[in-house]
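Pasting the structures in now, so scroll down.
Common to both upcoming complexes is subunit A, partnered first by subunit B, then by subunit C.
This part shows the complex of A and B:
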């Protein structure tokens, strides 16, 4: 999986490209941990090019969310496709990680 | 069961990279199968990845070394079927009752619960020194 970081006003966007499975899940955790370590608190994960997520990827997302909230920030997700949305809905985690329609929308209320 | 319309097989060590190998195989086979629409393909792929991931975790958590995975997919008229052999693995007990989803804050424990939601049948039986998983999904099953 490839990650691209984009620093915006008030948040950073991390674009994840590829499959978010057991191989990529630790990479996502490391990318978010590094962003928080660098002082970022509001992180949007842009799933435009994430065509697959499994329970390992979802577990990593939950871990990222916990780490960010412990640091006083938040992780939000945007631009999810049908497959990622299905995983969120089947696990009931769409209530915890509500998908936003765009990266810009994710922290508009913050 | 009649001869499948398509069949593919791959074998390798029980490490996370094998999940990508199995997904690459599915990505080749499923789009070529005329009866298999995107909804069935998406659900079956996720179920397979969860079961393969479970096998990789199972291999890495035990004392055994050198566990190999042998994964096979068959496309039948109206049905997708996958078999996964965990060769040299410790026995695995698949509970008869469906697995429950863990709490929202849990970072693991959702894989088999997800797979069971997406499959028509799932079984795990002991064969020689292997666990044999058999997964099926009836095509067009709108319920799952």
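This part shows the complex of A and C:
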């Protein structure tokens, strides 16, 4: 999985490219851990180029959320495709990690 | 066999093949752990081909490397047949000059093999396969080389034994799945787990209680041994925590396992229900599973929507009991996302699955339909399905 970092005003955007599965899950965790370690608190994960997420990917996503919240920040997700949205809906996690329609939208209320 | 008893060497061969079969490796896909050995041997000994082969009574199965269409050979035509029969390191500097080998198709015909070295791979003291080297040029194998080949053979033997550990664990995991139908003849209850290879994090269980039939289907995050360990843990907790109803049972399970789930970072989605066998009333609670449908007698369907987060992902949102009724002619089916992903993993996948269930109804017939799908699609995830059918009155 490849990540692209984009520092914006008030948040950092992380674009994940590829399938978010058992292989990519630890990479996502590491990327978010690194961002938090670098002092970022508001992180948007851009899923434009992630069209598949399995349960390991979901586990990593929730792990990222917990780490960010413990640090006093938050993780939000944007540009989520149909399969990823379905996983979030089925597991009820869309109530905790609501998908935003764009990266800019994610922290607009913050 | 005029005296009706098998010849002694037939007994020995039977024992040898039994040891081979206990590994569960015949006919299996390529595995990096064996390919690593044959790549290393090929480089170390500077030969065009090094192989790990397994031999039953009639065939040679090439475990590594695997060339499509050339993994199974008639045993008698192969070099390794001799290695297995003589059960010692065989080195053939020039096959054309050795009458045990000069007639073999690989020497006389196409591949032009001249050099062969085969080190028997033993399990339970039985030679079940070989680590072998082939070259198209004659050559020798000096004492140092022989010691190296022997050491690499020991490495391959350890990998073979690892396979058996997994095979036994798979048998245990499958033995934990219920097979009888305690609700017969009023309901048909069945579950299955495909494609039945390797360990996984899916499980289902059911049992009769004074209040009805308790049904559980769960999918633990991840794959393989790690997922299987947590699956067994969660199964035991669900079956043992005291609870008045499904939601309470899931909450109590989450609470009991909180530290374990935290420590491992693993979560599980669970559908848990209690079916009143007299009325067909179903009380259920869903921990982030969401993949349960009721297919009505008239062919319509509804999803039993979720009411809580997965076990291990507690965000202070409680779980609740919900109700449904299984009327005569209805089928309840709960499945894991392996089946959903076969259809693309989106909302339209649910529609497609519902129509497959509607066309089959009966758990046994559903099993055959899903089996055919799995055979055609070769999914990379386990597919687990539990179905309960209430026949029309």
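What to note about this one:
Following the convention adopted for this analysis, the second predicted complex is superposed on the first by the 110 of 110 C-alpha atoms of A that agree within 3 Å, B and C clash if a C-alpha of one lies under 4 Å from a C-alpha of the other, contacts with A are read in each partner's own complex, and residues count from 1 in each chain.
Rule of thumb we're sticking to: contacts are C-beta pairs under 8 Å (C-beta built on N, C-alpha and C of every residue); 3 or more make two chains touch, one makes a residue touch a chain.
Only a predicted model underlies this, so the values are computations on that prediction, with no experimental measurement involved.
Three-chain overlay on subunit A, with subunit B and subunit C in a clash. Touch criterion met: A:19 reaches subunit B, while subunit C stays clear of it.
After overlaying the two complexes on the shared chain, residue contacts for A:72 are found with neither subunit B nor subunit C. By the touch criterion defined above, A:39 lies against neither subunit B nor subunit C after alignment on the C-alpha atoms of chain A.
In the superposition on chain A, A:56 makes contact with both subunit B and subunit C. In the overlay built on the shared chain, the residue A:89 is in contact with subunit C alone; subunit B does not reach it.
For the contact definition in use here, the residues of subunit A common to its subunit B contact set and its subunit C contact set are 22, 52, 54-56, 58-59, 62-63, 82-83, 86-87, 90-93, 95-96. Note for the complex: subunit C touches subunit A at residues 219, 221-223, 265-267, 269, 288-291, 306-310, 313, 315, 317, 337, 340, 344-347, 349, 381.
Residues of subunit A touching subunit B in their complex: 19, 21-23, 52, 54-56, 58-60, 62-63, 66, 82-83, 86-87, 90-93, 95-96. On the side of subunit B, the complex with subunit A involves touching residues 16-17, 19-20, 23, 38, 42-43, 45-46, 49-50, 53, 56-57, 101, 104-108, 110-111, 113-114, 117-118.
Of all residues in subunit A, those touching subunit C in their complex are 22, 52, 54-56, 58-59, 62-63, 82-83, 86-87, 89-93, 95-96.
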